[in-house]
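Below is one structure. I have some questions about it.
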Amino acid sequence: MSIDLKTIKHIAKLSRISIDDKKAKELEKDLNSIFEFIEALNKVDTKKVDPLTSIAETSLKLRGDEVKTKNIREQILKNSPDENKDFFVVPKVVE
Amino acid sequence: MSKNKEYLIKRGNSEYEVIIGLEVHAQVLSKSKLFSDSPTNFGAEPNTQVSLVDAAFPGMLPVINEFCIKQAVKTGIGLNAAINKKSIFDRKNYFYADLPQGYQISQYKDPIVGEGSILLDLPDGEKKVGIERLHLEQDAGKSIHDIDPQNTLVDLNRSGVALMEIVSKPDLRSPEEVNLYIKKLRSIMRYLGTCDGNMQEGSLRADVNVSIRKTGDKKLGTRCEIKNVNSIKFMQMAIEYEANRQADILEEGGSIDQETRLFDTKKNETRSMRSKEDAHDYRYFPDPDLLPLELTDDFISKIKKEIPELPDEKKKRFVDKFKLTPYEANILVSDIETSKYFEDVIKNSDIKLATNWITGELFALLNDRNLEISQSPISSKNLSSLINLIKDGTISGKIAKTVFEIMANESKDPKSIIDEKGLKQQSDPKEIEKIVDDVIKENPKNVELFKSGKDKLFGFFVGQVMKKTDGKANPKLVNDILKKKLN
Amino acid sequence: MSDIINLTLSALIDKIKNKELSSQEITKAYIARAEKSKDLNTYITTDFENAIEKAKKFDEKGNFDYKLPGVPLAVKDLFCTNNLKTTAGSKILSNFIPSYESTVTQHLWDEGAILLGKLNCDEFAMGSSNETSFFGNVESPVGKKVVPGGSSGGSASALAAKLTPATIGTDTGGSIRQPASFTGTVGLKPTYGSCSRYGIVAFASSLDQAGPMTQDVSDAALMLDVISKYDTKDSTSVNFKRGDYFKSLSSNIKGKKIGIPKEYRVDGMPKEIESLWQDGITLLKKLGAKIIDISLPHTKYALPAYYIVAPAEASSNLARYDGVKYGYRSEGENLISMYENTRSEGFGDEVKRRIMIGTYVLSSGYYDAYYLKAQKIRRLIKNDFDEAYKSVDAILTPSTPSSAFKIGDKTDDPVSMYLNDIFTVPVNLSGLPAISIPAGKDKNNYPLGLQLIGKAFEEQNLLDISYSMEKELSFKNNLQDWWIK
C-alpha cells in the first residue's frame, strides 16, 4: 500500500497541519518507507483474534457524583495566548 | 391510520411521504460532569465551571461519573430498551474551538443502551416509535460569534457535561409526530429525573434527519441532517421546509445530496453546513484512557427498583382507577409535576371537578403567565379546598372562578377570601324564596309571557335573582324554586 | 564535592540520615556540576535557586523519615511540574507553565525530594536518540557527539554524567530502557498501570509508563517504592498489592527459571550483542538460575504493530495542542489557518510524521486493516508472553541491537531509527515490566545493556534477578568528565 501526494495532503488537512509541496514530497518518501515496514503485519492471520483494547485487566473505576473543582477560571485562562480574562479567544470560524 | 391524516408533500400528481429520524441530545441531570468533577449548572459566568480535565491540559485524564451511568441505564429502562452489560467509550476526533481535547469521548459501536421504543398517543390510536440506541457522550463548550466582530469567544462551562444521545429509528412521519415524540421522551426523562428537558436552557436538542419518498415506495430516500435544533417549533418548521425543498429537487429530476444542514431561525429555512469535500472523518477508536464499562445484573436490577410509575402506566391507572377519559389522562400525565399536582388535589377532592379545574382554569392561568405548574401561584392544597367549597355548596361554580382569580394574585386560601369578601353562596331556600317572590311580583308582564310559552324568559328571572343576590344565590336552588313558583 | 556526586542514591540517603551530609551541600554540589556541564544540554529548565531554598528549609526542619529526605532530583520534561515550565521538548509547549503537578512527581516531593529542574527529551517522547527536541540534541557523557538514546535522553545523560543522583523518565516503546542501555545506567519500566499517568504529557496512552532511571538496581527499587502507587485520577491505574521493593531486595535467585527467546536473535545482530547475551546466560547459570529456551513467535510483528498503535494514539492525544488554551499560537486569518499554522510551526518533523501516520491508520477505510489489526497482533504478542510465563519467571534479552551511535547517524532514515526499539517494544505492547542493566562495553567502550522482562505486577522478581546479576557484573562507566567546562 503506498500513499500518494493527494492522500498526504488530505491527511495533513485532517490533522490540521499545513504542508507545502516540498514538505509533502519528503513526507511521501518517509511515510511510504514506514508503511512498507508496517505491511509485515499482513502476513499474520488474525481472523479469530480479539483485539487487545486494555492492558490493565481491571474494570473501569467509577467516580462518585461530587463537585470537587469549583471556580478556577484564573488558572484555566492563565496560559491562554489572549489577554481576555473571561473567555478563550480564537479567530472567527468560516462556516 | 386513516389516509386523510397522513402528512404528505404534494407536487402535481406526485405524493411524497416524509421519513424522519431524530437524534436527541439530552443533558444528564447530575451534579458533576461525565468525566470530570466540575459542576454542571446552567447560566454560570463563563469559564467558571471548568476543570483542568475539561480544558484538556497536558496530562489530564478522564474518570467516569457512576451517577451518569445510572441515569443512562435508568433512561434506557424507561424506553423499554436493552441494557448492554458491556459498552465501550470511543474517541470521536475532530477540531473545533469548543472541543478542547480535539476529540469528544462518545460511544460508537458498543453503546450502553440498545433497542427500545416509545408509545405516541395519536388522535386515532397509539403508534410505537422505535429507539435504535442510547449512548453517553461529552457535551462541547460554547462558541460565541456575536460579541467580538473579529473573533469567536469560547466558554468551556458546558464542555464535558454528560449527554445522552437517543437515536430513534426512522419511524416518524410528520411534524406532529415529532412534536409528540419529543414531548413523550421529555416527559419520560422528567419522570425518571434523568434530564430536565429544558429546551430553552439547551438541556434537550435534536438533530433531525429528513428524507422523502413517493408513497408506496419501499426504499428510503437520501436523507439530510439538520443539526442542533433546540425547539419543537423549529424542528417542525425545519422539517416542513426541508421536505418541500427535497420534493422540489426531485420533481425537477435532480437528486438529493446527502449533507448536513442548519436551520436558519431568522429566514425559516435550512441551509447547507459544509461541502462534501470537507466531510468529517471522525477516526473513531476506543479511548485508551478508559476501560470497557461492565455492568452487573445487580447494578441494573437496583436501578430497575428505582423506576417510578411512568407516563404510560400512570395514564392507564388514571383511566382505570379514576375513570378519566384517555384524553384527560393524557393531559394530566404528560408532565410529572402536573400528575403530582393532580394526585395531590384529588386526595381530598372530587376527581371530575379537579380534572376540569386543572386542565381548564389552572392551565389557562399558567399559560398566560408563562409558568410551570411547579411555579403555580395556587397550591394544590388551595385548589383542593376551592373544589370542596363548590362541592359542598358554599359557593357556586361561577363565584369560584372569581375566588380563583383572587387566589392567583394573593396567596390566600379560598375560605379566607370567601369570608373576607362575603362571597358565600346564598343557599337558604327560605331566603331565595323571598327573593324569587320579589322578582315575580316586580315583573308581572314577563311572568305572563313566560306562562304563555316564552320559555326563554326563564333566564331573565334567573338573572334578576342573581342580580338581587350579587350573584351569590345557589343556582340550583334558584332554578328549582323558580320552576316551582312559575308553574 | 566529588564524594557527593559519586554516591548512589541509597548511599546518599544514608549520609543524609546520619547527618554526615546536609541537603544544601548535596544540592549545591549537583548544581555546581550541572553549571559546568552545559555542553551536554541535558537541562531544558533549571530551578536551582528554588532548589537551594527548599534544601535550606529541609535542613532546618525536614523529616528524616521520608524515603528521599532532602534529595535533589531532576526529572524528564514530560512530567508537569507546578509553576515550573514544562515543554515536552517541544516548541508548541515552550512557554507552558502548568498550575498543577503530576502524581508521580508529587510522590517524589511528598517523600522529601527537591526538584533541580527539567531534563531534555525527544519531542513528545517521540524518538530514540534525543535528536528531535526543540531545545537541541543531548550529548551522552559516554563519548563526544554520541547520542544518549531516547526519548529520555536528557535523563540518561544527566544521570550518567552525575548531574542528578537518580531521575525518572517515561517509557512508551523503550524510552527508559534504551537510553539506560546506551549510557551504562539502570532503567526500569514498571508494569503498565502501576505508576500514575496523571499529569504526564501523553504520547500513547496504552503504552506510556513512568519509571526510575538510576545508578544501580537497589536505587531503582527505592524509587519504585516512592512512585508506584494507585491513583484514582487515572482510570488505567491498577490497585494491586505493591511490595516493599527496596527492603525485600534479595540476591538469591537459585532455582529461578529464565527464558531465552530465540526470536530475539535477529539477523545481522552485532557479535558483541550476541556475546553479551551469552555472558548474561552464563552468569545466570552461575547464580543458580535455570535457563530455558522459549519461543515468542510473534516478536517480529511487534515493531510494526507499535508503529501503528503508538502514532494512532498520539495523533489523537496531540490534537489538544491547537494554540487555543495554552502553548504556542501562530496567527491565522480564520480558525482553521490558525490551527494549521500553529501546529506546523509548533511541532517538529518527527512528531508531524507520527501524527500523519496515526491519522492515516485511523482514517475511514483503514481502521480495520491497520489499527484493529495491530491491536490483534498485540493480543498475540501478549499471549506469547503468557504462554512463556507458564514455564519461566523472567526473560533475558539484549536491551538494544547496538550500542550508542553518533549524533546525525540515523536521522535520514526513520525506519533505521525505529529499529533501535526492536527488543524493548514488545514489552510495552504487552504491558509487562522490564529493566535494563549495564552489562558490558563494545569495542568503542560504549555501554551495552541486558534486558530482563518480568511477569505483570511482579517487579520484585525482576529487581532481585537484576540485583544479583549486577553484583557479579560490577559494571563501571568510568567516564572521563571530558565535557566539564
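Per-chain numbering from 1; labels A, B and C assigned in written order.
What we mean here is this: a residue touches a chain if its C-beta (ideal position, glycine included) is under 8 Å from a C-beta of that chain, and two chains touch if they have at least 3 such contacts.
Owing to the predicted nature of the structure, the values given are computational and were not obtained by experimental measurement.
Novice: Could you let me know which interface, B-C or A-C, is made of more C-beta pairs in contact?
Specialist: Between B-C and A-C, contacts are more numerous in A-C.
Novice: Based on Cα centres, what is the most central chain?
Specialist: Taking the mean of all protein C-alpha atoms as reference, the closest chain is A.
Novice: Go ahead and note the Å separation of the Cα centroids belonging to chain A and chain B.
Specialist: Comparing mean C-alpha positions, chain B is 40 Å from chain A.
Novice: Using mean C-alpha positions as chain centres, tell me how far chain A is from chain C in Å, no decimals.
Specialist: Here chain A and chain C have centroids separated by 23 Å.
Novice: Using Cα averages as centroids, what's the distance between chain B and chain C in whole Å?
Specialist: Inter-chain centre distance comes to 57 Å.
Novice: Could you check chain A for residues that touch two or more other chains and list them?
Specialist: Each of 14, 16, 53-54, 56, 58, 60-61, 63, 75-76, 88, 90-93 in chain A touches at least two other chains.
Novice: Scan chain B for residues touching two or more other chains and write them down.
Specialist: 52, 55, 63-64, 95, 97, 152, 154, 281, 283, 288, 290-291
Novice: Going by the touch rule set out above, which residues of chain C reach two or more other chains?
Specialist: 96, 99, 206, 232, 235-236, 315, 319, 322, 324-326, 335-336, 339, 359, 363
Novice: Quick one: which bits of chain A touch chain C in the complex? Just the residue numbers, please.
Specialist: Contact set of chain A toward chain C: 3, 7-8, 11-12, 14-19, 27, 30-31, 33-34, 37-41, 43-44, 46, 49-56, 58, 60-61, 63, 75-76, 78-81, 88, 90-94.
Novice: So in the complex, which bits of chain A are touching chain B?
Specialist: Counting only chain A, the residues touching chain B are 14, 16, 53-54, 56, 58-73, 75-77, 84, 86-93, 95.
Novice: Touching residues of chain C toward chain B in the complex: what are they?
Specialist: Touching chain B: residues 80, 86, 88, 93, 96, 98-100, 102, 197-202, 204-206, 232-236, 312-313, 315-316, 318-320, 322, 324-326, 335-336, 339, 359, 362-364, 367, 371 of chain C.
Novice: Considering only the defined contacts, which chain B positions touch chain C in the complex?
Specialist: 52, 55-64, 91, 93, 95, 97, 100-103, 152, 154, 281, 283-285, 288-291
Novice: Which part of chain C faces chain A closely enough to touch in the complex?
Specialist: 96-97, 99, 192-193, 206, 232, 235-239, 298, 300-301, 303-305, 307-308, 315, 319, 322-327, 329, 331-341, 343-344, 347, 352-353, 355-357, 359-360, 363, 370, 372-380, 382, 413-415, 418, 430-431
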